[in-house]
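Paired with chain B in one complex and with chain C in the other, chain A is shared by the two complexes that follow.
Moving on to the complex of A and B:
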């Protein structure tokens, strides 16, 4: 498969001069890039480059000391995580962050909690609006379960599932929110080749079928170069490259960052 | 052999999401309820009512309440005795200050007051977790013990501090007989247990469990921790408060603050740990276990001693009781840390295959 060449013109999210530090440690310094609507944007870089910190800033989990993030035309310097969720930003985690005591179905249903509005009283009676709402959202969730081919583990507590399936359930939970921007933190880490191929297929299908904009962090360069439209490279909290995969492959600063150079 | 769901096809999501999707479970639960409502009143003696049935039924409700908070939302609480006391004293104050209200309406209102107090003492949970939260809820317990002993207004300035419940009746029908007491408590517990089950299987229950299992991930998919935790505190305290009102009005009749001491908080916590965290059925099983075990030991120890020619005095029996009780709890936690409810589901799984091994 060769790199896809697609063009995008509408910017969904842009990061402007973000700086984030923890005490004396500068995790991100003066980072700017943008994510276009409908593209697959990869963030790569060696370990400790600040990739996850970048995602955490985008979805409001960290608050950068400097800079601002413009999402859908609204400029913010700070956002709380659930506000980000309400704005249509969903994510998965590098270390799986599922609700281990709950079944696959319940985990994915939880992804729709922002769309479920009936109050405690109707919930307690479980008739009328509460029952209708539960069925409606179940139908939506079943579509995701079909899409991700996890029908057989619907009722299994996720704590009992193998790693690869847990990653898939976590993607399902993020998809259940029907996000406009999906942040994936190392969706293929620790997977074998078949699992990686499945996951790539899901990521591409989500992008094609639902038009979801995807921003992913990944260490497998083959995957990154194949599926992403544009790539931003971080190293030691600084941006060292930004462009389409072919440019990144030939960028000397990127090659140096990965291979190491003698200074 | 009798517990097979083969051939039971679910053709709608509603059927798949039912509380008891398997027909045998539905029938068993229905039979249990029919026995509890229609058979027990004809066979139970007054002793059985006072010593076993009424305490089990009321404490089941309180245990369900604590399970909402600890088992479903993962917030440790040592203040359940306090919330029972708030429910009881609030119901009492409604009854004496608004005498036209039915005592059972007062009990429900008491539950709402307990929910309010629960929310107030739940606020620290927004910042602290685990043992630290347990300490904060412990403060609720000590505060309630102090308030109901020292603030005389709550006890309507009775000199001894002991207060009496109003006579129990609904529309002129006297409900003071043990049978009527039992039925009333059973109605409260069954109705509220069903309501709680409905909440925990809906989106509010899923928010609670999401907070319990991984609060950061929950927040990132849009659960508001404040809303989720405080609703859990409110629902939990409401149930515990209603149980406290029933305990005071129906079971005790007259009581003093010691009735809702910290021992009660610990007792409820043992019930849900032994019964099973995060299970409505487990709350009931745990309550039954904790109430029945001392009675069983009390009855069984003297004849057991007689087998070996020992004469066991009542004092010795009560010592043994405490020792065996403690040992059993520890044994239980080691052998089945997920409680009686898990044991029950393992048994059901075995029963599906029986008589084949797998």
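Moving on to the complex of A and C:
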């Protein structure tokens, strides 16, 4: 499979001169890049390069000291995680963050949280609008379950599922919010070949069928080069490369970073 | 046999009342991982707000009983909402992501504050509370046993109230969006935020629900014992119930309460005479201690599995 060449013109999100430090440690310094609407954008880099920190900035878990992020034309320097979710940004985590005591179905239902609107009063009574709404959203969730081929584990508490399936449930929860921008933090880490192929297929399908913009962090270079439209490379909190997969493969700075040339 | 059943039933009914207090602890612990020491103080405050409104509305404003009762419950619920809002705003929000023990210490501080404030505002006397629950002892199963079994009607009503409350809560937690959000927050804060659940709002709701449970407990215990400072000590009685049932389980709080209530009464009546009596006071704690040795997570608690 060769890299896909597609062109995009509308910018969905742009990161401008972001710097983030924890005490004296600089996690990110002066990073700028953009994510186009509809593309699959990868962020790669060696361990500790600041990839997850970057996602955490976009999704509002971290607040960078400098720089700003423009999302859908609105520029902002700080945003809280639930506000990011309200704006259509959903994510998965590097170390799976599922609600372990809850079933697959309930986990994915929490993804619908923002789309359900009945108030505390009706909720407490569980009649009328609240009950109707519950059924409506249940249907949407069942579609996602079918899409991810996890019908057989609908009622199983996710804490009992194998790792690969947990990753899939987490993707399901993010999809349930019908996000415009989906952030995936190492969606294929720790998976075997077969599970990786499945996951690749899901990521590509989500992108094709729903038009969801995807920004993913991944260590498997084969996967990254196959599925992404453009790649950003970070190393020690700095951006050392940005472009289509073929450019990145031949970028000397990137090759050095991965092979470990002394800085 | 009749006597044994009488003691057993009396114990079980008393146990339901312990469950009612334990339930408030479980709700808050589940959703925020905080052991809320102030639950006992909340029971006292709710009961005081209820009894004082009832008194004033009846004696000074000459409202009919039922209207005063509704007003009393509404006002007490309102007071619990203020406490929930203030605890989230002024205490919990400042302590997000701190160690559990720090939050626990904070709730001890809140306990003294709430107790003091409630008694300053509502007075520190013993107030008899009458919310219309019958208090007459009645005899049941007279055809089966000679002389029947003596039970307290108030206890039966209390058990019915507790049962309805638990069923309602279970439905709320299992079947609704907000219930699911509460469980989600209990499981993983970061993940909950990422799907758009605002933590602050959820904490307020949890403390409010715990406050309403405290109101139910305060109303029932207040009818039984009179509204007085010793209601706060119920918090200590709830501890063995929690250890038995598990800190994170609503059904656990119920079963734990039943076991403690029944165990206490049976031990007092049948073991007591051998040991000189008075064992009801400490029996629950010893039972809890033995239980800790065998099953530290409680009957229904989540198993503690740690990677080392």
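Methods note: the second predicted complex is superposed on the first by the 261 of 263 C-alpha atoms of A that agree within 3 Å, B and C clash if a C-alpha of one lies under 4 Å from a C-alpha of the other, contacts with A are read in each partner's own complex, and residues count from 1 in each chain.
Criterion: a contact is a pair of C-beta atoms (placed from the backbone, for glycine too) under 8 Å apart; a residue touches a chain by one contact, two chains touch by 3 or more.
Bear in mind that the values here come from a model prediction, so they are computed numbers and not experimental data.
Three-chain overlay on chain A, with chain B and chain C in a clash. Of the two partner chains placed around the shared chain by superposition, neither chain B nor chain C is touched by A:8. Once the two complexes are laid over each other on the shared chain, residue contacts for A:90 go to chain B and to chain C alike. In the superposed model, A:210 lies in contact with neither chain B nor chain C. In the superposed model, A:111 makes contact with both chain B and chain C. Of the two partner chains, chain B is the only one touched by A:135; chain C is not.
Residues common to the contacts of chain A with chain B and with chain C across the two structures: 59, 61, 81-82, 85-86, 90-91, 93, 97-102, 106, 109-114, 116, 118, 120, 123-124, 126, 130, 133-134, 173-174, 177. Remark: chain B residues 12-14, 17, 195-196, 198-199, 201-207, 209-210, 212-214, 216-224, 231, 235, 278 touch chain A in the complex.
Contacts from chain A toward chain B in the complex involve residues 59, 61, 81-82, 84-86, 90-91, 93, 97-102, 106, 109-114, 116, 118, 120, 123-126, 130-131, 133-135, 137-139, 142, 173-174, 177.
In the complex of the two chains, the chain A residues touching chain C come out as 59, 61, 80-82, 85-86, 90-91, 93, 97-102, 106, 109-114, 116, 118, 120, 123-124, 126, 130, 133-134, 173-174, 177. Partner chain A is touched in their complex by these residues of chain C: 168, 171-172, 175-181, 183-184, 186-188, 190-199, 205, 302.
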